[in-house]
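Shared between the two complexes below is subunit A, which pairs with subunit B and subunit C, respectively.
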Partner chain A sequence: MNNKPDFARMKFYCDENLCIDCNGCVVACKEAHEVPVGVNRRKVVTINEGIVGQEISVSMACMHCADAPCQQVCPTDCFYIRADGIVLHDKDKCIGCGYCLFACPFGAPQFPKDGAFGTKGKMDKCTMCAGGPEETNSHEEFEKYGQNRISEGKVPMCASMCSTKALLVGDADEVTLIKTYRAVSKGKGIATEAMGW
Partner chain B sequence: MANTWGYGAMTNHIGDMQNSKAIIIFGANPASNHPIAMQHILKAKEQNGAKIIVIDPRYTKTAAKSDVYCRIRTGTDIAFMYGMIRLIRDNNWVDKSFIADRVYGMEDIFTECEKFTPEHVEDVTGCPKELLIQATTAFATAEPGCLIWNQGWTQHTIGSSNTRLGSILQLTLGNMGKPGGGCNILRGHDNVQASTDLGCLADTLPGYYGLSEGSWKYFSKQWNVDYDWLKGRFKSKKMMESKGFSLGLWIHGVLEKENAANNADTPLKALVCIGNGISTITQTHKVKEALDKLDLVVFIDPFVNDAAVITTRGDNMFLLPAATQVETSGTVVNTARSAQWRTKVVEPLYEAREDQEILFDFAKRMGFYKEYVAGMGKGEKFTWPEDATNEIARSLKTIGFQGRTAERIKKHTENWHLFDSVSLKGKGVTEKEYYGLPWPCWTEKHPGSPVLYNINLPVSQGGMGFRNRFGTERNGSDLLSAKGSAPVGSKIDGGYAEITYKNIEELAGITLTAAEKKAVEGKNWKTDDSGILVDKAIEAGLAPYGNARARTIVWNFIDNIPKHREPLHSFRPDLVKQYPAVKDRKNHYRTNVRYESEQNAQEWVKDYPINIVSGRIVEHMGTGTETRASKYLAELSGEMYGEVHPNLAAKLGIKDNEMMWVYGTGEGKIKIRCKYSLRVDENSVFLPQNFSGVWSGESLESKYPKGTAPYSFGESSNQVTSYGYDQQTSCPETKCSLVRLERA
Partner chain C sequence: MENTNSFFSRNKAYILTLVGLGIVGFIFVKYMMIMDWKYIFDFVLSMASGAGVAGVITPPASGYEAMVNTAFGQNYEAIAPEIIRASNERQEYIWWVFVGEIAIFCVMYTLYGRKSATVTNPDDQVQVFSLFHRAIIWLNVIIIITLAITGFNITWALRSGGGELPYLLRSMHEMTGIIWLPFWLLLSIIAFKDAKLLFNNSVINKIILLGKYKPMKRVIYIAFVAMGAGLLVSGIIIWFLHPDAFTHGQFIQFKRMLLYVHFGSSVLIMFFLMDFLYSVLVSVKGNLKGLITGKYPREHLEQLAPDVLVDIENIKGN
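On to the complex of A and B.
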C-alpha cells in the first residue's frame, strides 16, 4: 500500500444518447472565460444532421490526455500536466506554431485572431476551468486563461450548465461511478432523482 | 383542454414524465425549446424503457432521440390522431371502464374516426401507414403513456381542435389522472402559465373568471372598488363584457374600418406593449402598417422591442426601459403550475424600472392609483410584491390559488433541496407538500396537486376528478362521473355537482351552523370569501369544483367534435372540398375574420408551391430581442436562414449558402440564406421565428437608438406567414403557410 495522497484524475465524459445539441456547454464556457468570438474551447458536433435514425451529437473539448500528444510535440515545451491530470499550457512560452494541432486527436487547440486571450496566434484551449501558470485567481490568470473554478472547488462551467447532464466532468472515479449507476438503472422501469433541476 | 375536462393547463409535470412507458411528442421540440424537460424525457427512455415517438413535419433535434419518427404534412395532426384512435378502437386498446365512468360523448369520436383508415391517413398526412401503425401500437400498448405538445399544435386555424383531440386520445386510453400519463403541454416560455392564470388574455378576468357581470362584481369586491366605478371606466356595459382584440387580431382593429363596428364604433388608436415580441405573430408587414397608423405607441421592455424599429412612424412612440427578472422579485410559475419565488439580485440598472413601478406611475397620472392598489387592503402602505401575491391567492379561487400565499411559496423556494424532482414531494419542514404548490392548492393547508384528475388520492392530498363545468345533464345523459369513480376518501361514491351554498350540506353530509350559513349565503366554491365551502368540501373528501365527466363534445364550439380542416392556404387543394375551413366569422374577438373565403380566394399552391415549417431554434428566444444581443449566441446563430432540402433547392437552382427570396401569400417578402438540410422534406422550407431587424433586404440597424442594437439581425419569418386565426381562440396561424422561393 502506498501512503501518498490520492490525487484525482480529472476526466470529461459526454453521453451521445443524452446530448441534444443545445450548445449550453459552449455558451457557458464562453461566458465564464470571456473567450473571444471565434475561439471554441468546447464544440458540439452533430453528424448526419437530419438523417432519420442516424443523427448523433456530442460535445467535445480538450480531453486532458494522460500521455498528451500535444505536450510531446511542442517545440517550446509550453505544456504541463497537473497532478490531477489537467493539461495546461503557458501562453508566454507558446509561439503559436500549431504543432499541437497536428498531434491532438480531437481538434482541441484553438488559435485566436486577437482579443483578450493574449497576442495574436497564441494557442488557446480548454483548461477544465483550472486557469494557468499565473498566480491562481489573479487578474493575469483570468485575462490569459479565464476563470479558475477548480481552485474554488467548483464544477467546470460546461458540465454544470449541461441541460441533460450528458456532459460530466470530475475525478475519473466519480465520473465512471455515475456511468455505472446509470448503467445499473437502465431499463429497470424506475425513476430516479433528476441529474440536476 | 379547459373545454374537455375543466382546466387548460399541463395535467402532470416535467419530472413525472419519468414515470411514462411511452411518450408522444407532437408539435413540440423540447430539445431546442425545453432542454431541461428533455432530460426527464431521456431518463424515461433510458431508465423506464419508454418509447419516444416524435410526430413532426421536420426531423428535429428531438426527433433525433426518438424510437419512432413520423413525418407529417403541417396541419394534418387531426387526421393522424383520428387514424390512431381508429386503430385503438379496432385493436381493443380502448380503456372501456374509464370511458364508461368518466367520459361523455366518446361514441361520436368513434364514428368520426371511421373514415380515417391507415390508407386515408397516409394520403392526408403523407406519413406512411406502417409508421402510423407502429407509433399507435407502441403508444397504446404502453401503460401509461404521456402526450407532449406545444405551439406546433396551438398556432393553427384548427389549433383548438388539435388540443381537444389530443386530450380525447388520452381519454380513449385511460391515460388521464395518473402518474406517467396526462397531457404535458410545454409552455412557450417562462411564466406563460402565470400570465394566463392572471388573465393576460382577451376574454377573461384573472383566474379564467370570464367577463360576465357576475365576474366583474366578484372582482370589484376582490379589488376593493365599487362596481359602478369600474363600469364607469368603460364606454358601456356591453363593451365591458365583450371579448377584446386578441394578440393575433389587434392589427385588424387598426387597419380595417369594418371592425370599428365591433369596437364601440372606433378603430384602435393606441398600443401599450409590455414585454411582448409582437413580430412573432403573423403578417409582420401588417403589424408595421398598424404601428404606423396608431396615434400612440408605447413599448415597455428591457431591450428595444424590434417592432419599434420596424415601424416608420416619426412621432408619439415611447420606449420605457423595464427591469429584468434579476432586478425584481416575486413569483414565477412554471409550465406545470408550480410557483417559485424570485429574489431581486440587483437594483434596476440605469433608467430601468420595475414593471409595477411603471404601471403605478401610469395609474397616478391617470388618476386611479388609489383604486389600483386597493385590492391589497392596506391603502398606499403595502409591501410589494408580497401583498399582491396574497391578493392573487385570495382572489383566484377557480384554480385553487388560496393556498399559494407569498409565505408558503418562499418557504418552498428556500427549501428547494428538500423536494424530490420526480414526485415533487417534500421532506422535513415541507413534508407531504408538493414543490411550488401546483394549483389547485385549495387551502393554506393543502399540499398542491401535482397530477390533475387523479382519483387515487384524497382531495386533501392533491386528488380530484374532472371538473363539473358544463352542467349535470345533456340530452338525457349524465355529465357527472359514474358510481365508483370518485377520489379516495370521498363521502360520495361517484359524481357530484360543483359545491354551492345550496348543496354543501347534502353532499358533505353535514349541517352548517347559523353563522356559517350566513357567511356562505348565495355563494359557490368560486365566490365564497369565507373559505367555508372549500373547507367543508375537502373535509368530506369532495373536490370543490365537483366530480364530472370529461366531454368530447363541446356544444358551444363551431366544431362540436374536433374535425380535420385543411389549412386556409393548403398544400393539398384537392382535399379542401372534403375538409373545408369554417365559414367566415363576424366579430371574432372584435374582428371579422376570413376562413372559407380566404381558403377559396385562389388556388394558392399554384403561385406559392412550397410549404413552410416554422419553429424556434435553441440559441434564440421569441423575437430574439434579448438573445440576439448576446455576443456568444449571436456567434452561434447570427443570421436568418431557411432550411431547404437539397433536391428542392436543386430544382429551384439555388446553391447551398446562396441568398434566396421568400414570397408569402400576403404582401411580405424576405431575403434569407438558403441552408441545405435533410431535416425538411422536399416540399418544405423551415424558417426560424427568432430573427428581426432586416426588412425585405434592408437592414434596420441604423434605426436603433444609439448603443442598443443587437449583435445579430435577420429577416422576420412572420413577414411571409399567411393570414389565418384559430376558429375558436383566434391564435394566429404561424405554422401552415405557403411561399414561393426564388434565387436572389
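On to the complex of A and C.
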C-alpha cells in the first residue's frame, strides 16, 4: 500500500524561456469566455523588450494560490477554493469593493466599468476554465464566468492554445514532471515532447 | 486658585488633542500595524522627487527581480499584508471604535452638560445663517451620513453577505464621494472663521460664517479639512485609477498606500464628527433649530454666542 499522500492541486506554470509574447493565450481566453473589453483575465508581461537575448515574457493570470490573499480579505467571503485547488468566486455575493485587487500580488482580479453609476462592476478573474457556483455548464454559469472546460475534462483554453507550450496547467505534480523533463533535456535536442505528430 | 491665563489653559484643546492623537497613533503604529516604514518613507520621497508611483525604489539586480517589479510592483510585503489585516481586523475592532465614540460623547455630556439660554422675547430673531450657508451645511451633513453608511457597508459586507443592495451601496459610496468634493471645499471655505483675522472686507464677511472659533471648534474644523482632504484625495485617486491588467504593476503600490490613508482618515474623522455632533446638537439647546431656520433669538446669542452678535454689528458698521 502506498502511504504517500497525493494532494492534487491544479496549477499554472509559464516557462519564461519558451513564451514568445504572442498573446495567443490572452486572445483565446477572451474569445472562449466572451470577456468584455477592458477586462483581461490573462496578460503577458515582458521585460527587456527588444534587447536580444535578454527579452523574457511570462503569461500571468490568477495563480490559484493555496493560501489565497483575495479570499482572506474579501469582506463578503465570496471566494471558495475547490478540492482540486482552483480558486473561484461567487459574483452574486461580490460587491466590487476591490479589496481582492489590493491584496493580490499578481493583479488577477479585474473589474469591468459596468457597475451602478458607471463605477467598477463585479470582480472578474481567471477561473481556470472551471466556471463558478452556478449549475455546471448552464447558461447562467457561462454568462457570469465563461466556459467550464474542466468539467468536460478539457485543458483550460489558454494552455491548450499556447503555440510553444510555454503555458502549462494541470496537477502540480504533473506540471513539475514536465518542467523537470524540460530542464534535464535542455541542450540535448528537442526539450519539449512531441505533441502528437 | 487656578491660573486661567496660563499657556496650558489657553491651549488646552490643542495640547489635549495632540496628546490624544499621539497616544492613539503610537499604539496604532507600534502594536497594530505591520508595515515597512522605511520603504513607505523612501516611497514617498521617491514620488516627491518625480520618480513615479510604481514603488520600485531600488533598481532590479536580476532578470527575475525585474520581472517581479514589472508584473507585481516591488516589495509586496511592505503594504499589502497590512491591507489584509486592516480588512479583517476592522470587522472585529469596529465595535470598539463605536464604544470609544459613545464613551467620548458620554464623558463630554457629563463634564459639560447642556447649555440653554433664557429667552424672554422669542420673536426678536437674528439671521445668522444665510440660505447658502444652510444649503452647504446640510448638503455636507447628508453626504457625510451617506458616505458613512455606504462606507461601513463595505466593511460590514461579511455580515450583510454581499448581494445586490450592498453592491449598489458600494457604487453609491464612490459616486457620493466625488459629489462631496465641491461641497467639502465650500464648507471648508465658509467655515474658515479665522480668515476674518487675516482679511477684513465685505466679501469675507458675506461668505464666512459668523462668530469666532473657540479652541475645540477650531480643532474640529482643522480635522474636518485635513481628514476630508485625506479621504477625498485618496478616494478619488483610487477611483480614477481604474484597475487595469496592463498598468497594474505601475499603480498598485501607490493605490495600496492611498487605501491606507483612506482607512486612517475615515477612522479619525469619525472620532471628530462625534465630538462635533455633541457640540452642535447636544451642548447648546436650540442650535439645531437655528441651523434649520437660520435664525436665533437675540437673547440666545447674547448669552451663548456674543461673538456672532459682535460680527453682525461689525458688518453693519462697515
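Please note the rule applied: the second predicted complex is superposed on the first by the 174 of 197 C-alpha atoms of A that agree within 3 Å, B and C clash if a C-alpha of one lies under 4 Å from a C-alpha of the other, contacts with A are read in each partner's own complex, and residues count from 1 in each chain.
Following the convention adopted for this analysis, a residue touches a chain if its C-beta (ideal position, glycine included) is under 8 Å from a C-beta of that chain, and two chains touch if they have at least 3 such contacts.
Note that the structure is predicted; figures quoted are calculated from it, not measured.
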item	value
Contacts of A:Gly153 with subunit B and subunit C, given as first, second, both or neither	neither
First (subunit B), second (subunit C), both or neither touched by A:Val37	first
Subunit B versus subunit C as contact partner of A:Met60, first or second or both or neither	second
Touched partner set for A:Asp21, first subunit B, second subunit C, both or neither	first
Contacts of A:Lys186 with subunit B and subunit C, given as first, second, both or neither	first
Contacts of A:Ala103 with subunit B and subunit C, given as first, second, both or neither	second
Shared subunit A contacts, counted only where both subunit B and subunit C touch the same residue	38, 56
Touching residues on subunit A, where the partner in the complex is subunit C	16, 38-40, 43, 45-48, 54, 56, 58, 60, 69, 72-73, 75-78, 90, 92-99, 101-103, 105-107, 109-111, 113, 115-117, 119-120, 122
Sites on subunit C touched by subunit A in the complex	63, 66-67, 70-72, 76, 80, 83-84, 87-88, 91, 153-158, 160-163, 166-172, 174-175, 238-239, 242-246, 248-249, 252, 255-256, 259
Residue numbers on subunit A that touch subunit B, as the complex places them	17-18, 20-24, 26-27, 30-31, 37-38, 49-53, 55-57, 163-165, 182, 185-197
Of all residues in subunit B, those that touch subunit A in their complex	15, 18-19, 31-32, 35-36, 38-40, 42-44, 46-49, 59, 61-65, 69, 416, 420-422, 618-619, 630-633, 635-636, 677-680
